[in-house]
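Handing you a structure now.
Letters A, B, C and D name the chains as they come in the text, with residue numbers starting at 1 for each one.
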């Protein structure tokens, strides 16, 4: 139950198309079930700093099998896992990272998007993740 | 006054049994009096991101001889040691890390647990730490 | 004079096709003129350790605008830049990394390939780099 | 095809028994198919520096599915992958790391041992890896 490179490419292209349709410049990363980098694309003129953010969003989403935006609700001051971002070489805990599920609902990897607003990043990540189950 | 590998194993197994009895999937780390990794087990299907969190919880508990949850009360915005998490390669300052004491009350190491809720992680860590003094 | 994401994708796919035709499982990384990750693909079942090697080969090739295999001839014991591998977070100085040039011969990025023998990695990298000038 | 925590424990104990029978003090690490730490034990009075060496030996063996000692023959000055040790956060390329195979010959993880001579470390790693197929 691991994502294939064909699926990873399909997800990358679906996310990129969504970003282009929305006129957003992003970096898009896909990791496999082991949270290892599987596929990546950096759109021209997107933020330099978003390369690492996109990769870390994807890894974070798979490390804890969660939407990175939901994780961020738990890591705020006073939250139950405040500052967990200091683990695993740095976590990203705002929207834009999502687990990728296959048609059976099993998590097979994750996607991370960075470069737009957090709403745009999440929408692009969602479009990517959904592309292999539609 | 350092934990032995036999004690570390006993603690690991006691914590693992408690986790299994509670149907929680966790990573469990034990460090020695020098805050060096002494024993570790990763339960099947537990979160990938919890490996590092468990190890860092154990180290944090021994670095400052404190329950990591109590430490977290001091690291919040406005707290007296705000953002101390940036030291020592990353601290974890929410529940799940505990010093391990011998029968004389002397600290000989620490345990860190990650994978369940913070209450579950703390309960499992407590069960582990207590196993060698009961 | 920077590689575009369309060119990076074209290079990635050309390299992947060459690898598949040769029955070699590799990781392929493309970096831009700034040595930043531009595109990446990890073929199914390729070595886990090759993710980082492929990325570092591409970065190394652009850091010094050189075939990584040629660089390695200078880094041996007694060589003029012995152990330069310690710089830049780790260089890879054996074959598989190549600068990417546009039709005017200007370097616009680099490619790194890892997973096969060094001859295979270099051949796959060459096929990728050449695809946009043929 | 991933190692279970029960298998990892069995391997750890078999390796530890072999070390004790040989009067060698070692650190023993087992990683899973994803090269993630699965189980670890540090024998009393073993070298402090061997904790990281044992873990890196296990990871290296799985990163490239190879006996770390065989890998080291290729990384010498003049070797085909000289200084690959600078990748993946540091590789260990001398004996003591071995892939772990299941009864079908499929690699499901790896073991790393450090603390004795390289011959002792390799023998202990072999005893551990073999314990689940005998």
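Here, a residue touches a chain if its C-beta (ideal position, glycine included) is under 8 Å from a C-beta of that chain, and two chains touch if they have at least 3 such contacts.
The structure displayed is predicted, hence computed values, not measured ones.
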When A-D and B-D are ranked by contacting C-beta pairs, first place goes to B-D
Selected pair, out of C-D, A-B or B-D, that shares over half of its residue contact pairs with A-C
B-D
Provide the C-alpha centroid distance between chain C and chain D, rounded to the nearest whole angstrom.
30
Can you work out the whole-Å distance between the CA centroids of chain A and chain D?
33
Taking the mean of the CA coordinates per chain, how far is chain B from chain D in Å?
25
Quick check: what residues of chain A touch more than one other chain, meaning two or more?
34-36
Complex contacts: residues of chain D adjacent to chain C:
34-35, 60, 62-65, 77-78, 80-84, 86-89, 91
Using the touch rule from the top, collect the residues of chain B that touch chain A in their complex.
47-50, 52-53, 56, 72, 75-77, 83, 85-86, 90-94, 117-118
Under the definition above, what is the set of chain A residues touching chain D in their complex?
33-36
Taking the touch rule as given, give the residues of chain D at its contact with chain B in the complex, in rising order.
2, 4-5, 8-9, 32, 34, 36-44, 48, 51
